[in-house]
């Protein structure tokens, strides 16, 4: 079983997608807990983060939302709710794990969103926008549902990592690199940008008041 | 004219749908009034509650939204606005009526949403999610538009009644009961859960802070 | 080069659409600046105002969103962000210009939204709703994203100008006026209503509390 084994690669991708979905759902549930939502509200927020970005993408692209053919997203959200209730007092100690899973999810969903958009025949710049929406819009929906200002739009190098990955993906494909190389390199770039930005507290410039 | 008369059943269903739509629109307009929206803003909020859930469902399912072929939803919302303005000081005394109509609407829209989803060939668990979205998402849109935290996700046994109805619907059809029996039983269950929960102040557990 | 020259008319329409898009994007970015969003957040808000209404319309109507075949909306939003950063302290002095451009955009997008809806075979009252959504929903998305109460629903004669234009458009076409005459008259009516309402501080009645 090596990296060249397609079955291993498939299993690895499934694992990354599962961990990413779990981290996304957990982020929705934890934010809902801060606002004292009930269990159902927490589940809805978790599910919205887990599938929201991809659902907006699929709705805009005019295709059947991905989660309507795969019940596992509902299950993973249920696991996330279960973990958030059971491990309540230990969730903060696991912050590093959630951060890593969340970043894997951002990279995975960005690339998956781009590939789906390109497969449907849209131009590359639409794919970059859709990759970003796939990775990021769930978190925006979460903040809108919870009546918070979307933190992703305020100070985190999060969406920009997704866009940078999208641009690299485009360049590598134009330069005739293989799909496998392109995907792996893009994945690493998105994860790296996110890690470095959080570690060194790098932010984009803030828009200032007019006076 | 009996319950077995199809024309009577159709008229009854139309009446329930009309009262439900009216109650949904009125809930949007009353919440808008609390925030001192103008008449047009009230109309928009009312319309959003009345058609929002079904529109999200239809958009996700990829079909033409139901209200684009039936102008009556716009009319019912206009009636709701008219009532809310004319009966302003008496609206609170009518709270029990709105509550009953709203609950009829929840049950009706849940079942209608499920049936439409199943007709389009989706699996049962998608139908349950769509039934819940049809019954509940309008109220969430209302709260998002009005910059409130969605009350449905915080403390009411509302969406759960819809989900429980959806699960019962599934079980009864699997057990080969007739459609008529299934629909009536599901309708009664949803209404009962909602009434009992409100009467006895039953709530789901609340998600607690992490420390 | 006269008003009867089709090339001149096309160029004029492109100019109006461009200025309207620019004004919509700038309104999103300025509101984002008030909340101290970062540059990316400002760009997203600007883009959401510029393309949000038309995207909701196209998604509801079940067609490919207009901006996925025309990269210029992304460029105009970039220009808007550039202007908002460079001219930060002078933005307020330009308020009259933004107001005029925004009003041109409202009229243009309303009519474009109606025409697209009618072309797809929907009835006239759906076209009026869609014209209003095209012109107005971007601003509502902006306020929802920024966690503000939607100002359009509270006190401005803004959406009503769009609806009034839609009704006039309908009447003129029923009365067999030419498309050109109908479009120009509708355009002028929408702009006039908006100008007069702002100049004379005309508002719709406000919904009042229930006690």
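For reference, chains read A, B and C in written order, and residue numbers begin at 1 within each chain.
As a working rule, a contact is a pair of C-beta atoms (placed from the backbone, for glycine too) under 8 Å apart; a residue touches a chain by one contact, two chains touch by 3 or more.
Quick caveat, the model's predicted, so the values are computed rather than measured.
Quick check for you: after a Cα superposition of chain B on chain C, what is the rotation angle, between 0 and 180°, in steps of 5?
Nearest-5 rotation angle for the superposition: 120 degrees.
Which is it for copies chain A and chain B: same residues on both faces, with over half shared, or different residues?
Chain A vs chain B: different; shared/all numbers falls short of half.
Any idea how many Å lie between the Cα centroids of chain A and chain B?
31
Which residues of chain A are in contact with two or more other chains?
59, 62, 144, 147
Which positions of chain B touch chain A when the two form their complex?
Per the touch definition, chain B meets chain A at residues 59-60, 62, 122-123, 125-126, 129, 140, 144, 147-150, 152-155, 159-160, 163, 203-211.
Could you pull out which chain A residues touch chain B in their complex?
Where chain A meets chain B, its residues are 29-30, 32-42, 44-45, 55, 59, 62-65, 68, 71, 74, 84-85, 88-89, 91-92, 144-147.
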